[in-house]
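Shared between the two complexes below is subunit A, which pairs with subunit B and subunit C, respectively.
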Partner chain A sequence: MSGWRKKERLWGLLFIGPNLLGVTLFFILPALFSFGLLFTDYRFANPDMNFVGLGNLKRLFHDELFYLALKNTALFLASVPVSIGLAFLVALALNKSVYLRSLLRAMFFMPYITSGIAIAFVWMLLFQPSKGPINQLLRAVGIENPPGWFSTTDTSMLAIDIIWIWFMLGYFMIIYLAALQELNSELLEAAKIDGARGWVTVRRIIWPLVSPTTFLLLVTGLIMSIKTFGIIQAITQGGPGNSTTIVSLYVYRTAFSYYEMGYASAISWVLFAIILFITLIQWFGQKKWVHY
Partner chain B sequence: MQIRSISWRKSAATAIMFALGLLMILPFLWMISTSVKRPDEVFEYPIRWLPDQLLWKHHLKVWSGPKGFALYYANSLKIAIIATVGSTFLAAFAAYGFSRIAFKGRDTLFVLYLSMMMIPPQVLFVPKFIMFEWAGIYNTHWALILPGLVSIFGVFLLRQFFVGIPKEITESAFIDGAGHLRIFGQLMLPLAKPAIATFMIIDFSWHWNDYENALVFLTESDLYTVPLGLQNFILEYNIDYNGMMAAATAGILPMLLVFMAGQRFIIEGISSSSVKG
Partner chain C sequence: MKRNRWMSASLVLALTVSLLAACSGNGGNGGEVNSGGNGKTETESSSGGKKTEVIKLKMWGGVPVEAGPQAVVDAWNAEHPDIQVEYERFVNDDAGNMKLDTALTTGQGADLFVNYAMPRLKQRIDAGQALDLSEFADYNIDEQMGRDASQWKVDGKYYGMPTTRGISFMWLNKDMLDAAGLPIPPADWTWADLREYAKKLKTDATWGLLRHEAIFMNPFNSVLESVGVTRADGTSNLDHPLLKEGFSTWHDMMFADKSTPTYGEQMTSKMPVDTMFLKGESAMLDAGGFIFRNANNLTDNPRTFKIAFATTPRMSADQQGAKAAGGLGDVLSINAKSANKEAAWQFLKWYADGGMLPMAAGGRIPASKSVNGDEAAALLLKGVEDKYDIDSLKKVVFGQFETFVESLPQQVVDIRKAEYEKYLLQQAELDASLAEMAEKHNEFLKQQP
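Right, the complex of A and B next:
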């Protein structure tokens, strides 16, 4: 190795080293540690830890609550494509044909950037079943028995989905707006001259052209959402009757309410497997599904 | 000066989109309105957006007392500022290393970095909890600050920006005898100001809104950050809806200010980090 090469290597280490130390301490080591815990029956505050092999995975296989959590996760993730679809329409409208563009953009984007857990409590009151503004409005327009939202098992996830659609919409919209800006305007002009109007242009030309963006948003949106549980923990703690317990929340509860840390590790790796699966679809599916 | 003609269609579209935009921010307006109302006005229908009399006592209640929002603000600001400044430095250094220093194994290392982004925080909670117990930083602010110093997303974002800066600029400086530290400090950092601003805003808002890590790693109420303080307030006064909304307003206010001041950076950052992934 020449002296220059050696020196470069040293500089590389100096620049990346501090960050790499952090990544090792807070990502790589804990990930390896967690993978080890997966094969144990470790419980917090219980010193004797046993190797149980694949015991945790076997237990997972028969855990009804886990299956329910998987189903709930699917119902929760259903909000992502809906939000993406709406975001596309909003971006389309804001792209050209409006005045006050930046003000309108800010209004749609605001929930995403400003809203942590605080807004969850606002929605909790908005969805209040007997006197909340949403149900008062529904009654005023003639719906006599409006949904019970967070108070009943069959509508609680719907309410969460509505909040999540509202929350993510601005993020998806911003990225669609950027994609629309980059569209080839000559192609759109040519389509216009050929007589393509309004909705036909959107369906036949714009939607296929932004399909790489749609695909990317679907993947990132699903991954971002699957890692979340804060908003659900704050509003329903997974209830009523576990109807809003999604896998990520189930991990948290198993680890920090029941202190079954070995088992929690096993569930958390299922979450990783789902993310890996989505990522692999992204890698291999991109060419197949995306139409230019 | 010629007056531009106002298009009818465009005006109608603007009106419709404004109405929908208003719908998006309605929860915020309802929150603020409720925080200055009387308790019996909370669920009044039709909604009275501007009460006859503005009451500030709910806000006072939220901010005063030994476990008030002043304490939670101080805790949150301390964590968010230290973590954001630190992670920006570490990420900028690493991003320079990944984009401007050629050494063996660099790209493999970067792929390892990216693959770490796939690991959900839920995988890391339990081992971090155990490790922090051992290290004696569980239930201290360090449990949030230290991991907060490392942002893989930041390395990714800033590296992407550095790669976009023409190589000729740094190479000619190199030939003139400048070392990596000088090129980094005097050339790259000033050029990367917009990207750094973007990252700092996004990272700060992430730390400010971080509820899940605080939930796992903090138990003592004196250490609570704003999200935990909010939750605590709601557990304690669960029928004081006006107070709840005053507390929620307190939680959102800083992000609202950051959003108004830095909107341009946030939007540019999010657009550029995602398109053409």
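Right, the complex of A and C next:
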């Protein structure tokens, strides 16, 4: 290796050093530590800790609330593809010359940079079943019994999904906009000459061309969503009747309300396995629909 | 190309690992860093140039510093130049308690701390963080604080000193009661009576009854105290007939009488029940002493009506030996690892025996018999004497009742809530909810070591 290359490598290490140190200290080591806790009955601050082997996992597989949380997580994650689809359409519209384009772009992106707690409170007001603007509107257009949103177990997750779709939309849209700008205009022109119009261009040319972006958004969007719980904790605390308790919230509750660190570690590692599994499926499934 | 794929695969792995870490590493939301050490600093004393040691203590409590604690520590610090106390506020919720527990575990300067719930105190005892106070022989907690103090004993010992006295009780809009020709209810009234009162007091513009979320379960806990959390055979008692009666009465007040807001309405709008009551939007408010902070603040909550008080009703005449929820509270412990236990004990005794009086204005009534009850009452009522019905206030707020300390583990509290919510939102039948509650409680009981 030449001296120049060596030097370059050293600089590279120096640049990523601080970040690597942070990740090691605050992510990797705690993660490994929690893997150790998985096999214990450790309760926070209690020095009396016993090795319980796979006891926590056994308990988990008989835990009804865990299965409910899994189901809720699946319902919650359904918002991600919807949001990605909408973001694609919005990005398409805003990529063309429309009035107030920059303003609209900024508006769609605003939620993503707004404080989660503020979002939670505003949406809680909007969704309020009797006096909230959403149900007022629904009543005004003739729907006599609008949904109870957060006040029923059937609609609370739907309301959370709507908030989440709206929240993620801006981020997805910005990434799509970048992808659309990068599109090879020759391909589009060729398609046009061949007689492709409007929707056909979108479906046959643009959508396949941005498929790597879609794939990226799907993977990162699912991972980002699966670990979210702040917004749910702020609005419903997992209720009513545990209908919005997703796995990450259950981890939080077990660890920081019940102090059962061993059991919480077990849940988070199972969650990790699930995320890894989903991601691998997507990874291998991409060959079928992602075009580089 | 191959190498590239490996890189991306490991990237995916790294992403997922960091996700997990984010889940588990969310703990001590930025623990407070304290100068720590042994908590002592040396200062030159002005007189002889001799060095005297000033002991520094830190007390953690959940009351906002301006609502009394600052006045308390200022008074102490002025009297005791050699022992200086600093107050650190933690919010009494999961995150706040976690912050305190982290400080205790890592030795970050918490010499004294207040426990607000039995399960938390027990946790801290198990973790070896709360000092067994029996090592100090110069103070008799039972004698000073009265019979109910012993409810805070764990395995026969005090690991903290209960300092306040207060039960949950009903706030009544006396003017509305008078207008409806209703007397202040007797101490042994029941939920059936309450329902009648609410029905009669309800108008188009005002509720008959509002209940504060913090005490929703107090009457139910009182029943559990009477009949036992578990049956003789060790199984759950959460489906006891008296509890069923209570839930059903409450439900009917929401949906049949419409004298109290529905559960869904109250929860989804985060109803500010205390300010609503103080604005005259409800005739009754089921709450406790913590409302005084707002009720005495006539600038923000101006009112013309008088407030009277009543005890929280029993669930029914069948509830034998009903006790009032609350009793003694604000249990002050000394950190077992504190370097200055003796100084902390000095402060603790002073605090309990009257030092805490500035907090009475916010509704925290000292429990110690060394504190003159009239003095506390005077502080509480300073400037607002004519806004209360003094007779019922003395009987209820300062009355002597048999009390109990709520001690259900958080897991059971959550199990119960998830099920009764479904009933009160009219999404499940009461019997099914109660059966589910009991079944989950039984599962929980089986897991316990």
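As a working rule, the second predicted complex is superposed on the first by the 253 of 292 C-alpha atoms of A that agree within 3 Å, B and C clash if a C-alpha of one lies under 4 Å from a C-alpha of the other, contacts with A are read in each partner's own complex, and residues count from 1 in each chain.
Note that a contact is a pair of C-beta atoms (placed from the backbone, for glycine too) under 8 Å apart; a residue touches a chain by one contact, two chains touch by 3 or more.
Every value quoted in this text rests on a predicted model; they were computed, and no experiment measured them.
By the touch criterion stated above, A:248 is placed in contact with subunit B and with subunit C alike.
With both structures placed on the common chain, the touch criterion links A:140 to subunit B but leaves subunit C unconnected.
When both complexes are overlaid on chain A, the residue A:257 reaches subunit C alone and has no touch with subunit B. Once the two structures are superposed, subunit B and subunit C can be ranked by residues of subunit A touched, with B on top. Using the contact criterion defined above for the overlaid structures, shared-chain residue A:131 touches subunit B and also reaches subunit C. Within the superposed three-chain model, A:75 lies out of touch with both subunit B and subunit C [touch as defined at top].
By the document's definition of touching, of the two partners only subunit B reaches A:113; subunit C does not. Applying the stated contact rule after C-alpha superposition, one finds that A:97 touches subunit B and leaves subunit C untouched. Legend: residue contacts after superposition of the two complexes on their common chain; A:20 is shown touching subunit B, with no touch to subunit C.
When both complexes are overlaid on chain A, the residue A:281 reaches neither subunit B nor subunit C. Common to the subunit B and subunit C contact sets on subunit A are residues 23, 26-28, 30-31, 34, 44, 125, 128, 131-132, 220, 223, 226-227, 248, 251-252, 255-256, 264-265, 268-269, 271-272, 275-276, 279.
Remark: subunit A residues 23, 26-28, 30-31, 34, 43-48, 59, 64, 124-125, 127-132, 148-154, 219-220, 223, 226-227, 239-242, 248, 251-253, 255-259, 264-265, 268-269, 271-272, 275-276, 279-280, 283 touch subunit C in the complex.
Residues of subunit A that touch subunit B in their complex: 5, 8-9, 11-16, 18-20, 22-23, 25-31, 33-34, 37, 44, 90, 93-94, 97-100, 103-111, 113-119, 121-123, 125-126, 128, 131-133, 136-137, 140, 166, 169-171, 174-175, 177-179, 182, 213, 216-217, 220, 223, 226-227, 229-230, 233-234, 248, 251-252, 255-256, 261, 264-265, 267-269, 271-272, 275-276, 279. Of all residues in subunit B, those touching subunit A in their complex are 9-11, 13-14, 16-18, 20-22, 24-25, 27-28, 30-31, 34, 42-43, 45-47, 90-91, 93-94, 96-98, 101-104, 106, 109, 113, 116, 118-131, 146-147, 149-150, 152, 155, 180, 184, 205, 208-212, 215-216, 226-227, 230-231, 234, 241, 244-245, 247-249, 251-252, 255-256, 258-259, 263, 266-267, 270-272, 274-275, 277.
Considering their complex, residues 9, 12-13, 15-27, 94-95, 98, 101, 104-105, 123-124, 126-129, 263-265, 267-270, 410-411, 414, 417-419, 421-422, 425, 427-428, 440, 447 of subunit C touch subunit A.
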